[in-house]
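Structures for review follow.
Both of the next two complexes hold subunit A, though its partner changes from subunit B to subunit C.
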Partner chain A sequence: MNRFLYYLIFINMIANIIASVPRILILEKSNGAIIAMVLGTIAGLLITYITIKFYNAFPGKNLMELLKIYTPKWFSISVLIYFAANWYIAGSITLVTFTFVLIRFLTPEMPIITIAISLLIVVSSSLLIKTKSILYMIEITIVIFSPLIIFFLMKSVFNDVFEIDFVKIALMHINELPNYSAFTASTYLYIGIVNMAVFNTFFMKRIKLGILPLLILGAGGLFVISLTYFVPIGIGGFDKIDDLIYPWISTSDSIRMKFGIIERLTFFFLLVFLAIAILSISIHWHGACRLLQSALGLEKFKWKGHDLSPIFCAILFSFVSFLLILYLSEGQLFSYTTYFFNLLPVFFGISMVVFLVIKRRAAK
Partner chain B sequence: MKGMSSLNPQSDNQIPHLFARLLNKLQVAGDTIHTPIEIDEENAQLLFIKSVIDGNQLQNTIIKPFFELASEKRFLQYLDSLPNKIEIVDEETLLVELTRGMLLINVQQRYVLIDIKKVNTDSVQITSLEPTIYGPQGGLSESLETNINLLRQRYAEPSLAVEITTLTDRSKSVLAILYDKEVVDTEVLDTVRKRLGQLNNPLIQSTADLELYLNQEKFALFPSTLLTERPDRIVYNLAGGKVIIMLDGSPQVTMAPAVFFDFMVSMDDHYHNFWTSISTTFLRYAGLFTCTVLPALYVAIISYNPDVIRTELALTVAGSRIGVPYPSYIEVIFMLVFIELLTEASIRLPKAVSATATTVGGLILGTAVVEAALASNIMIIVVSLVAISTFVIPINEMSFSVRATRFFLLLYATLFGLAGVIIGFVGIIMYLANKESFGKPYLKFYWKNRSEEIKGGLKK
Partner chain C sequence: MRVFTLAIILLLSTVIQSGCAFKDIDKRILIVAIGIDPAENSEGYKVTLKIALPVASVKQASGPRFAYFTEESETVGESLRILETHIDKVLEFGHVKAIVINEELFKDGIEDFMDYFTRRADIQLIAYVIAARPSAEEILKIEPDTEAASTVSLLNFFDDTGTESPYITTSFLFQFRRDYLGKGIDSFVPIIETNEEKNELIVNKAIVSGEGSDPIVLDQIKTKYYNSLFKSKAGMDYKVEDDNLTFMLYIDKVKMSYKIIEEDKKPTSIKINAKFVGIIGQSNHALSQDKLNHYNELSEKAIKEKMTDFFKTLQEAGLDPGFGLRYRATRLNSDGLYEKWEEAYKDLPIDINVTVKLKSTGALE
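Moving on to the complex of A and B:
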C-alpha cells in the first residue's frame, strides 16, 4: 500500500483519542464495550478493504470525477453534498472538542474566541493549499511528532500508577452483548480511509491488498483502541472513570515525568495531540471543501483568474464553527457527537451503494 | 539598415561606411580607437575599444602577422583561419560585441571580427560563504569561461550540456545553463528556459538578482533556488540532475530546483564518517528547530503557562525575571531585534571595525542590559542560543529566511500562548509543504530514490 494511505488512516486512529471515542467506550464499560470494540475493528477493516478495492478499479480518479462520469446529475450532487456535510462535521467535532479542551486545561483565562481564531487561521488556510500538499504536510508532521507520540503512549502504559488489575476487571465484561454506540465509535477509528474519495487522484498505482497490510491495519487499530479504552481504566480505576468528561487528559495528568523538563505528562499530551488534531481537521475540511466545490460547481466562481471557491469555503466553514464553538455546551457536543457516530453505518451504507452504482455503470 | 546587405563596404573613401556609422555611435566612448595599419600599398583598418581588449594579443596575433605577411590577401586568409573569429550578425550586435572586447578589421573590403578581449576577473576566489573543513577551498571566479572550465575539470562527462545565451537587459550579460543531459529533469529544464525567456527586468547584475526574478513569486519568504559558490556542491547537484544557471561576472551560481533539505546540507557531510555526519546533521536540525521555536516558547511559557515546565525551573526563570518591568514578549522582541541589529551590523561593517561591534554589542551591552534589569539572565541565554543556532544553517539564504520565520512564530505565541506555538509551527510546515520550486514540491521526504518517487507513487 502507498505510505500516504497509511498516514491518512493512522492520523484518524490517533486523533480519536481526543474526540469523544474514549468517553463513549468508557460509558458503555459494563454494557459490552469490549466485544463492540472487536466487532468495530472487524467492520472497520471490512470497510477499508471494500473502499480500497473499489478505488483500485479506478486508479488516479477521485470520487467527484467518477460520480460526474457515471451517474446522473441529481444523484451525484446529492451524494456529494451529503458527503461534504459528513466530512465537515467530522472535522468540526475535533475542532470544537479541542477548543474546549484547550480552554479547560491549557489556557483557562483566554477568551474562547481567541482560541478558536488561533486554530481557524491555520486550519482554514489548509483549504487554500493544493491537495497534494496536504499529503506532504501530513508526512512531515508525522515524522516530527511520531517519536513524541510513541514516547507518550509508552509512558502512559509503563508508569507507576497503571494498575493491571483494573484492566482485568474491565476484561471481565467480555461476555456481554455488544453495544451499538461503542461499536460505531470503534468503527470511527477507520474513518481515515474514506478520504480516498479526495486523495485517490494521487494514488496512480494499484494499491496492493494482501494479508500483510490488512494485518498491520488490524493490529494497529486494535492496539490503538485498546490503549484508548484500557489506559484510562488502568490508571483511573474501573468504577469511577466514567465520571470524567475528558478521561484521557485527566489520565495523562496523573502521570509524572520525574526527570523531564516538562514534569506533567498532560502538557505533552495536549501539545502533541494538538498537532495531530490540526492535521485531522485539515484533512477533513480540505476534503469537505473539494466535495462542496465539485457539488456546487464552484470552479466557475472566479475573479481575475483566481479561484475564489476555497476562500468561500474557508469563510463558510470558519463561520459555522464559530457559531458551534460559541453556542454548544460540552454536554451538547458530546451527545451530538454520539448521534454522529451512531449515524456512521448509514454513511458507510450510502458509500457502499455509491460504489456499487459506479461499478455497475462503469462495467457497462 | 540592419542586415547583411548594409554591411557591404564602400572602400573608395578613406573611412568605410560601416566604420563611420559605428564610430558615430561610439563617440561617447572616449577610448574607442580607429586606426589604419599600412605597409607599402597594403593596408587594413582596425576598430576597437582600448580598455576591453588585450594589447598583447592585438600586437601578437594581428599587427605582427600583418607586417610579416605584407599582403592583404594573405592577411585576410590568415584572419579567416583564426579560431577566435566571430560571425558578424548585424550592426546592433556588432556594437555590443565591440563594447565587450572584440576587434573589427576591415581588409580588402571585408570585415572580420576577432575576439581578443581582456578578462581581469578570472582568478579563482577562496570560498567565503560556505567554508568547510575538508574538501576544496577554492570557489568560483567572476568569469564565466573560467567557471565552466572549473566545472568541466571536476565533471568530465561528455553528457554535460552547456547552453550559452545572452540576457536581454542592459547588462547584456552572458548566461550559461549547465546540466547533465542523461539525468536532468526535462520538465525543470523547460521551466528554466521558459522563465529565462520571460525575463524583462531592466538590469540584472548578479546571480542572486537573477534568482529573485526567476522565482516568479512576489511575496516569497524562502528561496526556491539554491545559490552556491562551491564547485563541489555544484558538481554534486549536477550529478543529481539539477540545472545550473551561471551568469558572467558572478562568483556564485544558482541551481534549480531546490528543496528545503538541500539548504540543510553542508558539503562536509559527504567528507565525514557515517556517524559523524549523521550527528552533525542532527545537530543542525536541532539548531534549526531551536532558532525558530525557542523565542516563541519562552514567551508562551513565561506569560501563559509557567506550570508546563518543572517547578524548580519555573522558579529559576521567575527569579531571573525579578525587576524586569514589562511582559515577556516585549523583552523577547527587544532582545531579538537587538541581536538582529548586531548580526546585520557585523555583516555591513568593514572587517576592521566589526570586531568592535561584536564586543560592544555582545559583551558590554549584554551584561549592562541584565544589570539594568531590562532583560532577564535567562533571556540573554535564550537570545544567544537562538543567534548561534541560526549560524548553524549551512546556506546563508535559508538562515535569513529562518530569521524572519521566527518572528511570525513569536507573534503567534504572543497572541495565542503555548497552543499557538504548536499551531503556528504546523502552519509553517503547511506553508512549506505547499511551496514549489520549479514545479517540484519544496518540503517533501524522498524515501525511495527520487526518480522512482516522482514517476511512480504520485501523479505529477
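Moving on to the complex of A and C:
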C-alpha cells in the first residue's frame, strides 16, 4: 500500500500546475521566487517527514479516530471543523480555477452554469463512494495519464522555441531575499501528505522513511516546482510573462505538434489536466466530507439504513462552490487563493500541535 | 437497481451535450487568416478576413475556395464585431493560423492591436505573424497557381511541412510577443510579397522590430544569415569569389555560439564563434580534393565579411538578435544592468571567428 502515499503526494503536485501556484511564483519572479522555491521545497519535505513519522506510530488509524480516543471533545471537534474547512477550500480553489479556465479556453460559448454543474456532478459522486475506492481511482488515473503528462512536459522542454536564456535570466534573480507568498505557494506542492489524516486507515504497515524515499520526494518536488516555474518563462519570455493570467495554459497553447492528431496542444493539455484536477478535487472533498462527518457526528444521520451524510456533504459543498463560481471574479479568486496560501503555515502549525498532543497523550 | 439508476442519469446527461457548444459546424465559418492594414479614410485599421469555404469532397473541388471580408474601424475588435453582422454564420477564430500585418504598421503602435490577439484566448498562440508588402489585403487575396484544394499556400511557407528554406523566417504569435516586448531581444518577422501578376507569394525578407526602436528590413542575404545562424536552418548557399574562381558552398550544418566579454563590470565586446560544415555545390573551374583547406580559408573570409555586415546593420539600428538577453542571462541581476547594456550595445566591437569545414567538392573534382 505504500505506493499510494507517493500517488497522493505527486497527484497534488501535478494538479498545482494548472492552479494558482505558477502565477504566484511568476508574479514574484524578480522578488526572490528562486530562493523561496528552494526553501519551500525543504519546508514541504520536512512537513512530509514529520507527518509520515507521526502516522507511523499509529498504523491503520486515521486522525478522526485518534482525536476521538486521545483528546477531549471540544478540542477534537474544533480541530476537525478547521481541518474540514481547509480541505474544502483547497478543493474549491482548484474547482473554481478550472471552471474559469474551461470557459476561457475550451468552451467559451457554453454558459458557466452548465460547466459548473457538469464538474460538480462528477466531483460530488466521489463523496458517495468508499474511501478505498478513491485510492484505486488515483492509481488508475496515474497509470493512464502519467505517460501523457511526461510526454507533454518533455515536448515543452525539448522544443526549438524553448529559449534557455530566459530561464537563465530567471535564475540570475537568485540574489534576492525569499518572498513569503512564493514560499507558501511552493510549500503547497506538498499538501498531498495531509490527506493521510483520512487515508491512514489503509496504511497498516509502517511506511519506510529512509534516505531513498526522502530523496525521491525531494527530487520529485524540486523537479515539479522548477518545471512549473521555468517552462512558462522559457517559452513565454521573462519580461512580460506576468501579464498572462494562466501562464501554463498559454504555454501549452504555444507548443505545436507538427504531425500530431491535433496541432494545437492546448486541448490535449486541458483534457489531461481536467482529469488530474477532478481527481485532486475529489481527494480534497472526500477528505473534507469524512472530517465533517466525524466532527458533527453525522454517522447517526440515517434513513432506512442508508447513510445520508455523504449526500448532505455533496449538496452543501456543491451549493457553496456553485455560489463561488457565480459570484467570484478572477481577480478575487486569485487574491483569496493567495490569502489561503499565506495562511498555510498556520495550518501546518496547528497540525503539528495536534500531532504533539496526540503523541503525548498516547505515550501516557 | 443502483446500476440502472446510474445508467439513466448518465443517459439523461447526454441531453445537455449537443456538441460544439450548442452551435453546429454548418453554422460556423472558419477564418484562416486575419489581415490588418492602416485605414484608408480615417484613423484606425482595416481588417480583412480570409475565410475557407467548405467543399463537399476534395475530388469534386477544382481548387481552393475562399471568401474575403473587409471592414474599417477605429480598433481591430470593433471591425471584427461589425463583420459579424456581414456574415450569417458564427465567426470561428480557433482556426486562425496567420496574422498578416501591413509592413507600415510596424513603424508605430503595433502593440495597440497585437494585444487583442493574445487577449482573445480562442486565437491560437501558434498562429504565424507575417508582415505584408504592399498591403495585407492584397496578400490575403492572392491564390497562387500552385495552391491545391483544401490547402492554404500562405501557411505552407511557414509550417516546415512544405518548403523549407533558410530565407524563410517563422515567427509565432507567442514568440513575437515575447521577443518584441523582451529586453535584450527583438522580433524577426517574415515579409511576404507578391509578383506583378499577383499569382505568386514570395517570402525571403524579414523585418526586425522591437519596443522603442524603429524597425528595419533585412534583405535576402541578411535574412538568410539570421535564419541559419540563429535558427540553425540548413541548406544555405554561399557564394565565394577569389580572383577568377567562383564557387558556391552548400552548407548543411551551422553552429554558432556567442558570449559577451566584460571588463570592469562593463560589456566590452561580443565574441562569436561560428562553424559551418558542408560541400562545394557549384564552381566555374575544376577543383582539387587536395586543396580543400585552401577553399576553407577562402570561404571563411567571405562568410566573415557577410556576417560582420549583418551584425553591423542590426547594431546601427539598435536592434538585437539576442545578445542583450545573453548578457542578462550570464550576470547576477542588479539594478541598471540592462540600461548598462543598452548604452554599450550600439558601439560594441564584434569579434567574429568563422570555421568552415568542407567535406567534399561534390560529385565532381
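To be clear about the criterion, the second predicted complex is superposed on the first by the 363 of 364 C-alpha atoms of A that agree within 3 Å, B and C clash if a C-alpha of one lies under 4 Å from a C-alpha of the other, contacts with A are read in each partner's own complex, and residues count from 1 in each chain.
FYI, a contact is a pair of C-beta atoms (placed from the backbone, for glycine too) under 8 Å apart; a residue touches a chain by one contact, two chains touch by 3 or more.
In this text the structure is predicted, and so the values were computed from the model without any measurement.
J.: Tell me the contact category for A:255 with respect to subunit B and subunit C: first, second, both or neither.
T.: A:255: touches subunit C, not subunit B.
J.: Just to be sure I read the superposition right, which of the two partners does A:139 touch: subunit B = first, subunit C = second, or both, or neither?
T.: first
J.: Tell me which partner A:53 touches in the superposition: subunit B (first), subunit C (second), both or neither.
T.: neither
J.: Can A:208 be said to touch subunit B (first), subunit C (second), both, or neither?
T.: neither
J.: Give one of first, second, both or neither to describe whether A:172 is in contact with subunit B, with subunit C, with both, or with none.
T.: A:172 contacts subunit C only, not subunit B.
J.: Tell me which partner A:114 touches in the superposition: subunit B (first), subunit C (second), both or neither.
T.: A:114 contacts both subunit B and subunit C.
J.: Examine A:361 and indicate which partner it touches, taking first as subunit B and second as subunit C; both and neither are also allowed.
T.: Touch status of A:361: no partner.
J.: Examine A:263 and indicate which partner it touches, taking first as subunit B and second as subunit C; both and neither are also allowed.
T.: Touch status of A:263: both partners.
J.: Per the definitions at the top, what is the overlap between the subunit A residues touching subunit B and those touching subunit C?
T.: 107, 110, 114, 118, 121, 263-264
J.: Quick one: which bits of subunit B touch subunit A in the complex? Just the residue numbers, please.
T.: Residue positions touching the partner: 304-305, 307-311, 313, 412, 415-420, 422-427, 429-430, 432-434, 441, 443-445, 447, 456-459.
J.: Which residues, counting only subunit C, touch subunit A once they are in their complex?
T.: 13, 16, 21-23, 121-122, 124-126, 159-161, 172, 174-175, 177-179, 181-183, 231, 322, 325-326, 328-334
J.: Give the list of subunit A residues in touch with subunit C in this complex.
T.: By the definition above, subunit A touches subunit C via 30, 104-105, 107-110, 114, 118, 121, 160-161, 163, 165-166, 168-169, 172-176, 235-241, 249-250, 253-256, 258-259, 263-264.
J.: Within the complex, which stretch of subunit A touches subunit B?
T.: These residues of subunit A touch subunit B: 2-4, 60, 102, 106-107, 110, 114-115, 117-119, 121-122, 125-126, 129-130, 132-137, 139-141, 143-144, 201-205, 260-264, 267, 270-271, 274-275, 278-279, 282.
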